[in-house]
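What follows is a set of structures for review.
First chain A sits with chain B, and in the next complex the same chain sits with chain C.
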Partner chain A sequence: MYKLVPSVCSYCGTGCGVLFEVLDGRILGTLPLKTHPVNEGKLCIKGWNLHEYVNSFMRLQAPRVRINGRLHQVTWDRAIQFAADRLKKVIAEHGPDSVGVLASAKITNEENYLLQKFARAAVGTNNVDHCARL
Partner chain B sequence: MPDMKATVREWLDTGKVDLFLGYKQVEGHPLPYAFDRDNLEELQDLMESPARYPLEKLGAGILAVQPNLKIGILGRDCNRRALNVLAVHQQITPGQIEVLELKCCPSPLHKHADCSSLEPRTYGPVKLEVGIDNSMPTARMEQFDQRTRFDKWLYEFQKCLKCYGCRDICPVCFCKECSLEHADLVETGGVPPEVPLFHLIRAVHMAGRCIDCGLCEDACPVDIPLRLLYRKVNEIVKDLFGYETGLSLEQPPLSILGECAPGVTGSHGAAV
Partner chain C sequence: MTNSIAEIEDAACIFIIGSNTSACHPLIARRVFRAKEKGAKLIVADPRNIQLSLFADVAVNQRLGSDVALLNGMMHLILKNGWEAKEYIANRTEGFEELRESLEAYTPERVRKITGVSPGDLERMSELYGTRKPGALLYAMGITQHSTGVDNVKAICNLAMLTGNVGVASGGVNPLRGQNNVQGACDMGGLPNVFTGYQPVTSPEANAKFSQAWDRPLSDKPGLTIPDMVKAIDAGKLKALYVVGENPKLSDPDMNHLRHAMKKLDLLIVQDIFLSETAQGADVVLAAAATAEKEGTFTNTERRCLRLNKAVEPAGGSLPDWEIICRLATAMGYPLNYDNPKEIFQEISGLTPSYAGMSYDRLGLDGIQWPCPAADHPGTRFLHKDKFTRGLGKLHVVQYQDPAELPDAEYPYFLTTGRMFAHYHTGTMTRVSPALDREQPTGYVEINAADAGRLSVREGDMLVISSLRGRIEAPAKITPAVLPGNLFLPIHFGENPTNVLTNSEALDPLAKIPEFKVGKARVEKLVP
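Let's turn to the complex of A and B:
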């Protein structure tokens, strides 16, 4: 019922080791993973408070699309279809360079590779940037 | 420790505790681990850990949600002192958390020592020259004249990232509304947090409260000698009032907490 689950902080690309305190399936708190080689038992203020966004009532837990000005909760398939249709429409009307892709420090190298591949090969633009430059 | 595992099994079997917080190797890391009657076979993996976590704080956190549990922890003298302080401030009832005691780390309160994480570290030349060697005894610090001492502390304090790690890891910090986040006390919205106020507020709160476990200093990303600061504060408490923090369930001479500390009436945090 009570366990400490090791994980990696999802806030930035540093990748500090964290420990979630979990009681009956709910995260009570976050601790630094003391033996993690990256952060050696230290965290910044964001890492210390990871549990707050996991538990936040404002957290989006399912995909939503905006239809006629209102957000509707939909399945992933429907959301992806919706995004694909809109991207196609934008590219058809304004050309591929009207699309930009922002990759992330929080996903893996391989996923970032796929994302730039998607931008260049599927969309046809070199507008690729990364959140670490924001 | 001869038969740590057998003792925990007995505690669980006889119902002395419902949950025992010890350590186990998980995914290559020694992690705090909860043993209970449903996973008795895992007790063979119970171990001491080279990395210390505030098990008593985790235990108190569980009790805040499930107050009827009886909890045991693998601990040292510092954990026991922290439990006394938590009981003094009504965060737990005395005896609600049992300690299976291991050998101990160095502290003016407890000489005998084997805690690896508290070995003196070596620091770079700038810190040694301009700042403070964290392993310096308070008496050595006092040999500097007041101006030098003040400059040294300012150098250390201005490195603060305001991560609140020192507070969050601390087994005896539990206030719902912490003074360190109170806009009337410390200016908000800047890093470093107001120097030296932020650290002095916490130092005052640690008077008669800090049990010298050193976890805050371990957690500080910028090596501020927090332990030295709180040691000094508690030396003063001892000299003036003869009070030794954590050694008994006696009320401390001064209790300065954040506002609305749960279970504490008449706190006067805002007066700091």
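Let's turn to the complex of A and C:
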């Protein structure tokens, strides 16, 4: 099945409108969105190739946990439980301000909102920052 | 940005300082070219000869780290010639007298000594920006990544306010944000001192509001910025770090110091779409979905909140970041349950005045620019129309200060860093893209032909670049883009990581931004 899905380029802060060309569940190409107020049907070299990193064979396929010095693929339940248990241990021993959270200029608003909510409410620290400066 | 991207093309004058716009924000540069076609004058001030310098009516190469002197020199001449917006200054600003006095010392001759810009060029750029209205001022990390970053921005704001260019269509002070959602990450409270919409954690009202909404008593003590977190890790005070969608091992200043500090962590959790340099050292790696694989919103550099749509299923067994965060919080004993990002967005708009009028249904394909305080508000094309957020616009006295490092006998070169047109930040996304990798497969060090000749270096020869922090190797790219005595390194390449060289001690005292744009360095030909 072929479809075109409108979205936003994630390669810089300009926010160009793109159309992902999707065939049978895989993105074939990226096209500029003609009616978009920011880019009016144009894209740069990065935007035209936006789908390539999504399709990369280098993408992480599953969570991993370090066991005996090496990273091993594990189930989501195991990875989440491991991370939560270790975080709780650090908080119990050293307090919530011994935890830092780095939010991201590359994830969505909703996800950044949840991350700072996680840091402030679930952990109990304002140690949350992201690489706006970098 | 105070103004909108589309407005740039109707400016009468465009002043670009510290932004390689055509390489890093090509679709914003397009508006600059359109403005030129419509008759706008273009001023480009950059230590390098960037592509846009070729199209400029006045192009100058100010010495690295001398922006305050250049901007103050422009204001000196604007006042001397009576080009300032007298009515605007009287009605909309405060602090003018103090500023005027402070600018007296920035004579063209003194400015030439500091910046290397000739009095004639300074006069021409001052006249163009001072007399052609509206004037749009564009800048990027070339202004902010300095130990005087806040001063640089204040000087820019002074210049724009003196000429009455803030609060008007096609004018404004326009920082071009480098990463796709850096505006959104700030808006959403991804900062140590504020909740969403810049509501301070120290404000009793804001704190009470969020404590109630999130059903937990919240700390009112501002947290640590990234550079302070690194120090706290080193001091053994910060024991666990949860890093989402970032690669600090390549993006933070002074890689060796960071690598050393990170070994002291009890727990490093990294959530990413690739096994980045940082993820390789993690205790837990959480596999995240890419932007094409999930719903959500980004807020671009002109404050426009835009919707992403899911095009395909997440790769392999990866999960959207929002789902991972919910699962982790729930496992920590703080249940977070949302059916979809739309529900999260509703919670955001309920708690954030500048997003209060937004909803997924309203955003559509075009998005809405904040502030959008109500469901019938159209959003805001440009800020500060009739008054500033604080009432009157504050003109700040800013004096020039030297950067933390200037070349000396041992390290005789200026070193600066930046981006290439085909790559993005630490390269994790663009370098795995076959087309982009084909365009620009390797890093390099830009060096002027005069310096290359003196070192007997030919194009492509390997050079060793060293600073007080460390040394890296990179092939020479001989180009007139950099002036004699200057070196430029792109930041995207793990095999020649510029952050081995850059300084983690030289931070802006207020913004804590590292001085990536100026350092001293030595360069030698690699003897195998």
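Throughout what follows, the second predicted complex is superposed on the first by the 108 of 134 C-alpha atoms of A that agree within 3 Å, B and C clash if a C-alpha of one lies under 4 Å from a C-alpha of the other, contacts with A are read in each partner's own complex, and residues count from 1 in each chain.
Criterion: a contact is a pair of C-beta atoms (placed from the backbone, for glycine too) under 8 Å apart; a residue touches a chain by one contact, two chains touch by 3 or more.
What you see is a predicted model; the values in this text were computed from it and never measured.
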* To do: Please indicate which partner A:L23 is in contact with in the superposed arrangement: first for chain B, second for chain C, both, or neither.
  => first
* Structure fact -> Max touched-residue count on chain A (chain B vs chain C) belongs to chain C
* Identify the partner contact of A:Y2: answer first if only chain B is touched, second if only chain C is, both if each is, neither if none is. => first
* To do: Give one of first, second, both or neither to describe whether A:K42 is in contact with chain B, with chain C, with both, or with none.
  => both
* Check whether A:H72 is in contact with chain B, with chain C, with both or with neither, and answer first, second, both or neither. => neither
* Counting only touches as set out at the top, which of chain B and chain C does A:K34 meet: first, second, both, neither? -> first
* **Touching partner for A:A62 - first (chain B), second (chain C), both, neither** => second
* Asked: What residues on chain A does chain C touch that chain B touches too?
  -> 6, 17, 33, 35-36, 42-45, 48
* In the complex of these two chains, what residues of chain A are touching chain C? -> 5-17, 20, 22, 25-27, 33, 35-39, 42-54, 56, 58-66, 71, 76, 79-84, 86-88, 90-91, 93-94, 96-134
* Flag every residue of chain A that touches chain B in the complex, lowest number first. => 1-4, 6, 17, 19, 21, 23-24, 28-29, 31-36, 41-45, 48
* Touching chain A in the complex: which residues of chain B? -> 19, 26-27, 29-34, 36, 50-53, 58, 61-62, 65-66, 161-165, 168-169, 218-221
